[in-house]
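Worksheet: one structure, shown below.
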Amino acid sequence: MIHDFGIVWGERALLLSGLVNTAILSALSAVAALLLGFIVTPALMSKRPAVSGAARLFVDGMRCVPFLLFAYIVYYGFPSFGIRLDNWTSGLAALTIYNAAYMAEILRGAWAVQPREPIEAGIAFGFSDIRLFRRIILPPLLLSAGPVIGNQMIQIIKDSAFLSIIALPELTHAASSIQSRHYVPFAAFITAVFLYWGLCLIIEAGVGSIGRVAEARR
Amino acid sequence: MAETSKVLDVAGVSKRFGDIEVLSDVSFQVDKGETICVLGPSGSGKSTLLRCINWLERPDAGQIYLNGERIGINNAGIVMGDRELSKIRTRIGMVFQHFALWPHLTVLQNLMEAPVQVQKRPKAEVYDEALALLAKVGLSDKRDAFPAKLSGGQKQRVGIARALAMRPDLLLFDEPTSALDPELVGEVLVVMRDLAREGMTMVIVTHEMAFARDAATRVLFLDRGRAVETGSPDRFFSNPETERARQFLQRYAGDTANNKR
Amino acid sequence: MSGGDIAAIFQGAIVTVTLSFIGILIGLPIGLGLALLRWANVPFAAKVVTLYVSILRATPLVTLLLLLFFALPNIGVPINPISAAILALVMNTSAFNCEVWRSALMNFPKDQYEAAQSVGMTAEQRFRRIVLPQIVRVSLPGLVNEMSLLIKVTPVLAVVGVVDITRAAVRIGAQTYEPLPPFLVAVALYAPIVFALVSLQRWIERRQVAAEAAA
């Protein structure tokens, strides 16, 4: 058994690049999904039924489709329309679009419980448009949504493991390669599990510190 | 129409929400240094009137002038965009019933936010002024606290200091003490009374009859969306002209006696 | 795509959904048991549970599945794909259910528990008659949500060859150069099930909000 872990250690470069790829993939799509969420959320709350209906259809649609199938559809589906995507681009696109729906719903929920008066005070004090959003609306919104966004980021990391199936060289894919090359399944996969755990602990620590900042500013 | 001493001129303002006419043809003027208390039963349109003045609520009819300048409609006769409105709003300070402090900013940051970000005044100057304002409302020691850590009375005093930091031509108060525990009302009224004495131009919607009686230069009585009566507080409280005002004062007589400050 | 292909996909969906229901049925009480160990702060066990939940919450189901399927035989425990799948689902969902149960337990009003104590109920009676009925109600939306999440990850069971959705898709794609239809068929099978669960969760939440407003 110790010997198996020695083999995994020997392949540490492969494992590390998998870990880095998982981290990059998750971070990029988390940011992109959050930004996309900021576009979808106002649409969800639009007074025009066509707009809010379309946004609702997107969000509920994503919630009902298994991510693995969605990733396959993006990977195999886009070429049918003549758009060639490599596995990185399609993986990133699938993770982003899928999780944008969740981010939009999270932001809508946080928005719904925000008190109106401080925002009105912002308007009364001469804030408008982008500045109102950036200085008055956004900070408390992000603070209150922080923990849930953190949970969603953990979900994104876990979803990214599915992308090993479209041969994206992320952490699970790296562990699979090591296992098939040397037949050390336990050592390879348990190492991957602990590396995923490490990533999530980092996010949880981040969420914890945001939580403390938010607590003072409630 | 722009007399130099006239800070606010409200002319024939009406507002309806659906079928309900909240304000109908309300007119009044405020001279520089005046403290106007707007009184009236709940639902008489007092808060709506205040919110129409800085166009948080868009009036359906009538005109509002700040120092002779029309609010809400520009020279071309069209409704102002957000940016144009924002510029005028910076000259009208507002104090909210539920304080409406920005929760993510400290007390000092609350005071400095709009002067620095909106008015683009130099940070150092705003900082000094903000400290002076905090001293004035007796909260120098709370400058780095977040609003969540303050009592209601302290929050409202920050709210007033935040409005003053804009160096406004006019201050609007929307029931500034009605969300406070009774024992905290006094500390806020003290600050407001000082401002009145110093000659700040203010329009105050309130249910504090004792305060209106001794701090207001004039009282405006609103009933069912109409400006029924206006005059000096002495005359209004001792000898109101209208039957509606008399009934209103009778209902409040008990309260006023209990809340003598 | 032939009728046989659709049947294969259909059968695959049925198998995975069935497996996830089995996983939930087993994982639900295990989650409750784990939550109780943490809630009661049982020495050592509570710490182990905390660690277990923390790791499992961070582990992707694919990775867990691969670990169980390949590694258990490796250390001398023979396991077939179906058992590996059920074990992975149970491990995954019990960790999440534990969190849902625990938050309900944490928010349980203490005075009610003390009231039950004061009328002389035994610990077992207190739990079964006072605590359990109420935390079930509080936890219900969270548990249904967890159920829909679990069903959504089950297509991954195809990885260890439990079912045939993806293999059918890839084979059909290779034959017809049209890989999309099989996946769309699979989506059409899964989406209604998940949608039903999501709707159920919203319905329960609305009913509880309405009941609270009426109270």
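Order as written gives the chain letters A, B and C; numbering starts at 1 within each chain.
The rule is simple: contacts are C-beta pairs under 8 Å (C-beta built on N, C-alpha and C of every residue); 3 or more make two chains touch, one makes a residue touch a chain.
This is a predicted model, so every value here is computed, not measured.
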### Query
What's the overlap between the neighbours of chain B and those of chain C?
A
### Chain nearest the overall C-alpha centroid of the shown protein atoms
A
### Task
Count the C-beta pairs in contact for A-C and for A-B, then report the pair with the higher count.
A-C
### Query
CA centre of chain B versus CA centre of chain C: separation in Å?
56
## Note on the structure
dist(centroid_CA(chain A), centroid_CA(chain C)) in Å evaluates to 21
### Query
Quick one: chain A and chain B, Cα centre-to-centre, how many Å?
46
### Summary
Residues in chain B with touches to at least two other chains are numbered none
#### Entry: Touching residues on chain C, where the partner in the complex is chain A
54-55, 57-64, 66-67, 70-71, 74-75, 148, 151-156, 159, 166, 169, 173, 178-180, 183-184, 186-187, 190-192, 194-195, 198
### Summary
In their shared complex, chain B is touched by residues of chain A numbered 115, 117-118, 120-129, 131, 135-136, 139-140, 143, 216-218
### Summary
Per the touch rule above, chain B residues touching chain A in the complex are 54, 56, 82-83, 85-87, 89-90, 92, 94, 96, 98-105, 113-114, 117-119, 146-149, 162, 166
### Task
Can you check the complex and tell me which residues of chain A touch chain C?
1, 60-61, 63-70, 72-73, 76-77, 80, 154, 157-162, 164-165, 171-172, 175-176, 179, 183-186, 189-190, 192-194, 196-197, 199-201
